[in-house]
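Per-chain residue numbering starts at 1, and chain names A, B and C are given in the order in which the chains are listed.
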Amino acid sequence: MNLRGIIPALTVVGFILAFWTLAVIPMNAHLTADQAQRDGLVMSPEEPRDRQAYLGLVLALKNPAIIPLTYSLDRPRLPSPHQVAAEMFETIFMKSPTSRRSLVYHGWVTLSATLLGFMIGTTLGIILAVGIVYNRTMDKSVMPWAITSQTIPILALAPMIIVMLGAIGIQGLLPKSVISAYLSFFPVVVGMVKGLRSPDGMQLDLLRTYNANANQGFWKLRLPASMPYLFASLKIGISAALVGAIVGELPTGARAGFGARILVGDQYGPLMILWAALFGAAVTAAALVGIITLIERRTLRRMGMAGTS
Amino acid sequence: MAYLIALSIWAAGWFINARLAHGPQSDTRLVSLLIPVIFGVTIIAMWQVLVTMLDVSPIILPAPSDIAARFVASTQTLWVDFKQTVIMGAMTGYIIGMVAAFAIALLADRSEFLTKGILPVGSFMAALPIVGTAPIFVKWLGSDWESKSAVVAVMVFFPILVNTVAGLKDTSGMQRDLMRTYGAGYWPTLFKLRLPAALPFIFNGLKIATTLALIGAIVAEFFGSPTVGMGFRISTSVGQLALDMVWAEIVVAALAGSAFYGLMAFIEKRVTFWHPSQR
Amino acid sequence: MTPCPTITARNLDLTFETNDGPVHALKDVALDINKGDFVSFIGPSGCGKTTFLRCIAGLETPTAGEISVNGMSPEDARRARAYGYVFQAAGLYPWRTIGGNIRLPLEIMGFSKIEQQQRVDRVMELVDLKGFSKKFPWQLSGGMQQRASIARALAFDADILLMDEPFGALDEIVRDHLNEQLLKLWARTEKTIAFVTHSIPEAVYLSTKIVVMSPRPGRITDVIDSPLPKDRPLDIRDSAEFIEIAHRVRDGLRAGHVDD
């Protein structure tokens, strides 16, 4: 990964961070003005009701003293990057990973469900894909449903799955894994089928001239040819699996995991918990996709297909 | 006994489909449509038999007949929920996200540096669990459809942006040279060459975005919503163990999702009729 | 016909900076192309023939030397719509009909709708594609698509036609047919044509002047003024004169290869 190639992306990220940092001021201006007034500072205009009429930016410019204060509110409308970073640092490194306050603990709860579901979903998906490619009846019956499922918001099924499984006594990790599994299942089926079918007529004819049977054709041609497609689906699948696990933590008021922390931060506070959990989930998603990308690069390079990702 | 019936239904369905799939007409549109339908009907029939004959509790899995009954009885509620979630939440967010993505893509198009920066960052953001921002938008915009629309806008923004930018990049050097020989400037080249050539990519992004919009609107309501909406109905019905209502809402969601996607695919076919994938 | 140079190149030099180091694509190229000439450029890959064509078109900028087209710089000539360019691939827009494709430059250059239609009809007849105006490119064969590409280059009445191996991807029979048609077109329209090719028979058959080039660095090794008459049936390719010229071209190409 060459350094020069990253510079445009880093610049864009830099811009986003800068925009965020500046946006803190108008977003928090009203709250800060109220707080400052309670602390004895003179605000213009003096009445909170009058201040409502002003845009955050205008208010901040009229009372420049509050500008630095917008960055250190307890319950800000928009926390500044350093506040989020501080909270994350605090809950990742400053707390024991087994404590309920640790972001690592909650991250692991969500991640374990995600990974378990992802592996089940991917394995079943690959098996079904092989079945679809080699069995015509299965192809014509099931494949249309697999494709259609991508247009249906199946994440909406998540709360129901949790309750269904809860009613027969399955709780905790497993229901969330089921959600992650079916969310990663369909993209993998569709992608793998596409990949297994990707070799062109010329390649298949060549194998026929060698009298290769279906088994040999699978291991020597179709499976290797499907790798780029498989990895593309895995990346989609793992993001979906993570979102599924998070959403799975919402309905029954789970007490652990990223989703749970988002709810806690939202309903009980402190607010920072929500932001830290959100960023924690984002970092986890990025890490997971990144790991798959690394594996993809290694694998494809060894197979001489490196140019495809 | 119930298992036996279910198994024979499965066997019958599979047998019919196998005959159809291997039969002489197996590549016609009619048969290609019929087989998955038969498959679906078989599953529903098995479901009905197993649930009613094994006396499965409705709080675990309601029978398809119960769901159908609930569907018919609650069309008013379903319709109100549909309006709130799909029309006010998903569609407005879709349009906002789409317009913003096009605007940024056109802006980025004027600078190769920006294009190189936006593609990786956009793809990265598209993989993040953006639904989690729903509570934040509720704090900023209230718990009505506006906050859901905002979540949807952010969710669809990135895939549409990435696909549009990639599409605008896609013209070959030869095509751009041809435009230079005509002395065509930036805007004629954009409208006559690069935008039409980018359309297949743009529609790819728009189709992905339809599913995301619906998911975003529904799931955002899981995090808190006024007293209407599909997500709201699903989470409260789940709480009341009225699973037949949940399934009825899911049927509506499935229909809405496939209809929205189908609409985009239809427009795509008309507009990009010339692309090899459509011929 | 008093020869008056339409395209003049003097001491033309072009070096590309590539990842593998500098490539000397053109070295000290000097050439005059007169109005009404049909000039072929022939040589192995890397000899600079396409690069020279692109210099004439103003698509590349020389690092030294000068080149003028119709008395102007290539950029000004381009803005004055002095030439039409035909690429190796037809490059037609699949979302436009054949007629729409030919209309493309006319729309950009601001011709009126009525004029556009007249011109499209006229050039389609010139290349023998009459009646195909409403078809889409993928409905036509490779040869017909390339004819449409030529029609597109003729539509705005540029005096000069620059063609970069336009028939390279077609089979020999289609190629013969198109060569004949191109000659007839040239006779009717009296344009100045610069034509890049890999094929010796094609170069000798089509041109009034053959420029033999060789690579590393790209340079002209021979300029042959063809004594063949303007009116040429296809079987002139079996005549002794033709074969003699072809030999001379081949010798020129071999001489360039000696440095390998």
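The definition used in the following text is that a contact is a pair of C-beta atoms (placed from the backbone, for glycine too) under 8 Å apart; a residue touches a chain by one contact, two chains touch by 3 or more.
Everything numeric here is computed off the predicted structure, so don't read it as measured data.
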item	value
Centroid-based (C-alpha) most distant chain relative to chain A	C
Central chain of the complex, centres being mean CA coordinates	B
For chain B paired with chain C, centre-to-centre distance based on mean C-alpha positions, whole Å	50
For chain A paired with chain B, centre-to-centre distance based on mean C-alpha positions, whole Å	18
Centroid spacing, where centroids are CA-atom means, of chain A and chain C in whole angstrom	55
Sites on chain A touched by chain B in the complex	5, 7-13, 16, 77, 136-137, 139-145, 148, 150-153, 155-160, 162-164, 167-168, 235, 239, 242-243, 246-247, 250-251, 258-259, 262-263, 265-266, 274-275, 277-278, 281-282, 285-286, 289
Chain B residues within the chain A interface of the complex	14, 17-18, 20-22, 26, 31-32, 35-36, 38-40, 57, 59-61, 113-118, 120-121, 124, 127-129, 131-133, 135-136, 138-140, 210-211, 214-215, 218-219, 222-224, 230-231, 234-235, 238-239, 241, 243, 246-247, 249-250, 253-254, 257-258, 260-262
Residues on chain B engaged by chain C in the complex (per definition of touch)	172, 174-175, 177-184, 188, 192-193, 196-197, 199, 272-276, 279
Complex interface listing, chain C residues touching chain B	57-59, 78-79, 81, 83-85, 87-89, 91, 93-95, 104-105, 107-109, 136, 138
